[in-house]
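What follows is a structure written as structure tokens; I'll ask about it next.
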């Protein structure tokens, strides 16, 4: 029996079509994988099913009957539950309060604590979880919080569970436990939609899998008919390993050295990170997101103090230098979250282009005065040079497309010939042309003898551009690979399996 | 502490307590209510006005309470529904309360300074607490009712969730706007009781600006009480004691009243700065926008 | 169809507030148009009226600039009132106790010291915010009351001049800011305030620290990552905010009252918050907005005398302006309703 059917679902955000006429059938009692790269439209689809977004067109059927889901409340009432990628828990409420929130069993005007305990105890049996119910969420590790989230959904009597990238934040042990739990729930007749971009998990868990690519459905297969190669091709399209015309560049001396750098939480703690970057090379850092890449970048640009170890730049110890000092030394940074760290949306183009350089002549003249003339002509020159499509330099950055915003960032960061460029997810969310443009810029920087540290979750990008690739896992560098190495080897390292286990020689 | 000082402390704590409880409820749903002062003043005025017109204090009480509810809706409309700046809205409420009460006072009684005397509520004698109006007892009851409401009932749970993580509450199927509005309206109504106590219980007439900063002290008490009703009670009693002492010492000419009056404010700053235990609000003062 | 609401929302909010105010008059049984006319005439009708309006606008212009400067750096300094009072108090003391200086030097020194007083008073909440994470909305509000009671204590006890009124001695005549439009109370403080508006404008638009303060206010994280020391600039903005507020307090004492009178401020600091919003958080916009509020205060008095409409109508209109400006989406919503009506 078909538990959930979606027909022709379309959702647009402005000009972007996030879901383009999607059809989906999920049978009762199956675990249905929803597979796709970042930005393929998996989360949007599930949000539409759960009532968080309203689709622009399309129909949804539950148990053969058409339903109109306009809010999570409707979805819950209809027996759909969702475990979000960013857990939706209230930190200073206890475990049980979070579980019953919105669906509190009542005795008179009180929450019926006894019934709550009884019901949750039953859920413990079904799931195999065992939690301290009176603990505050804020005191629990992420893996346990996710269990609370699952209990929350089950408590609401969901028959259809949607899990949005549930393993992204988990350790391998926690992932194993989660998969076991989901199998157990399936055995009890629950229907599960499992969103992921990890092939391994899909093979380990799912009965059927639907692949999305760029907002469109590519197809649905029973897992028995799928192979990793087939699914990978469906996910990324018929795309050959594209190799950029990388010229030979003579590598220079060591520019940046990290020695046993470690950090404390918040965030993923770094554990003894050491590596060198030479001028004239692009060093890629691969890894599943959330394995310490952001923290590593923060250490490099001076936003996070390491607990131990040292950072040397051009032989100078910069471990405790301020961001300003590092900018002056020639470290440029294209941040992963542009809107948070890279630009000021309500500033104009010219203000964003000069941001951080306003204290330096010629942009400053005299003691505190800005040299607006110099700044504006600088801005106009950058707009021309980087082909930023804007009417003029006074418009607020907010009005620009993502690609043009990113060009503003890159134009600024490369403006004063830095010797090191730290680029994080530089092409995320950009269209094809802008992506191409930015990748070529990175190669041009390399050609000019600059060092580039490229951090990206896009393995294709890393492999196409880098000279060497380091893989990060749980705050550690777990290995170094040549970009031509087998995808399989990358996969193993990114999944936390060291070289030794994979039968390859270990390297530092 | 003498018995009469104790009784004065309880009396002076009452309006502060109502303000603190009202403010607490608003903050629990993520709205900082700077307008408590204006709400109390409005209620004090309408309490007297309706009593003056009808001659029935109970109707005056209801009239004042209705004004509190009305303010609650206005504040919720502007801050929750239309994402208005909470602090500016609160400032507006305060100015409006002061302006409207004085305007109508002038119109009705020919003086913006004070109204004619009206009949107030009779005091009820209780051992130790002495002769107090029912407001005082209502205050105590409310403390425990609210503590119960917030921490034992399902609606209290939802209220707390809505303030701390509106998105989580939304995905749990809770109507965030409705509960935020509920918190602000009920909170404002409770604060209005503080104004009614002053005009119908304590003085039995309306005087210009008669709340004289008690709304702000209420906010201070709420912070000192770490955003729980019982905490609000303890803090209000402490600040009430300062108020009661202030009047005595002033009468005796020992210590100028101003020095004692500023104590609650200083204490609050110390608390907020972490010198006297940490104080973090239970919710961020942000409107919740969907999608 | 796209036309209709092209006026700035602030203008719409002010118009709406007046409309509501008139409605209140109508309900209360006063002639609204007559009152409105009296209000305007009382504010702008004669030279003296204009002088009085500008006198009332002066302290509000200072406080609105003070609030604005904090706001632009992401700080909600709602304790401008406290810094204003401290500035007034210090200026009064400087005017009384500093001796042997002649006119411009003494007056300017007293004014500057007033500003310094306000700046130092703003330094406390700034440090508490930056280093201890104490929310400035509460700390500055509480500090306003501390300032109110402290100054009140001093002028009631140790510094009280003989007589019934709680006030200090007069400041030395060398410390007075001269009247520029006698017989009105308009003093040199007014042109100084206008000067400050342009100074703040220049500071925000043309200087490096102004640029940094705006950057910090709009996106502290990006500023930090671009090497702008966020805490430093937040403290700087807070202190400058307090400085301007303090100058405003000093100007009021040295220009209008000549001494510190207990309770002389009817809440100029609080008005500043609303005025800077009505002025679109722009220093030059603040000039217009403060004249509007000055008009309500000064014209209100004439209106009361002529039409017997209670003075507090001005407060009601002020409050409505504040409420409407606080929630621009509400105004937009009302505008939308109106437009829909018209289309039907």
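Labels A, B and C are assigned to the chains in the order they are written; within every chain, residues are numbered from 1.
As a convention for this text, contacts are C-beta pairs under 8 Å (C-beta built on N, C-alpha and C of every residue); 3 or more make two chains touch, one makes a residue touch a chain.
These numbers come from a predicted model, not from an experiment.
Colleague: Counting only C-beta pairs in contact, which pair of chains has the most of them?
Modeller: B-C
Colleague: Greatest Cα-centroid separation from chain C: which chain?
Modeller: With centres defined by C-alpha atoms, farthest from chain C sits A.
Colleague: Quick one: report the Å distance separating chain A from chain B, using the average Cα coordinate of each chain.
Modeller: Result: the chain centres lie 46 Å from each other.
Colleague: From the mean C-alpha coordinate of chain A to that of chain C, what's the distance rounded to whole Å?
Modeller: So the centre of chain A lies 47 Å away from the centre of chain C.
Colleague: Take the average of all CA coordinates in chain B, do the same for chain C, and state the distance between these two points in whole angstrom.
Modeller: That pair's centroid distance is 27 Å.
Colleague: What part of chain A is in contact with chain B in the complex they form?
Modeller: 50, 52-53, 71-73, 75-77, 82, 84, 88-93, 97-98, 100-104, 106, 109-111, 152, 156
Colleague: With touch defined as at the start, can you tell me which chain C residues reach chain A in the complex?
Modeller: Result: residues 206-209, 211-212, 214-215, 218-219, 221-229 of chain C touch chain A.
Colleague: In their complex, what parts of chain C are in touch with chain B?
Modeller: Going through chain C, the ones touching chain B are 24, 28-29, 76, 78, 128, 132-135, 137-139, 141-143, 145-146, 149-150, 152-153, 156-157, 267, 270, 273-274, 277, 310-316, 318-320, 322-323, 325-330, 333.
Colleague: Over in the complex, which chain B residues touch chain C? Could you list them?
Modeller: Those in contact with chain C are residues 32, 34, 74, 77-79, 82-85, 87-89, 91-96, 98-100, 102-104, 106-107, 112, 213, 216, 219-220, 223, 256, 258-259, 261-262, 265-266, 268-269, 272-274, 281, 285.
Colleague: Okay, in this complex, where on chain A does chain C touch?
Modeller: Against chain C, the touching part of chain A is residues 301, 303, 322-327, 333, 335, 340-347, 351, 355-356, 358-359, 364, 368-370, 372.
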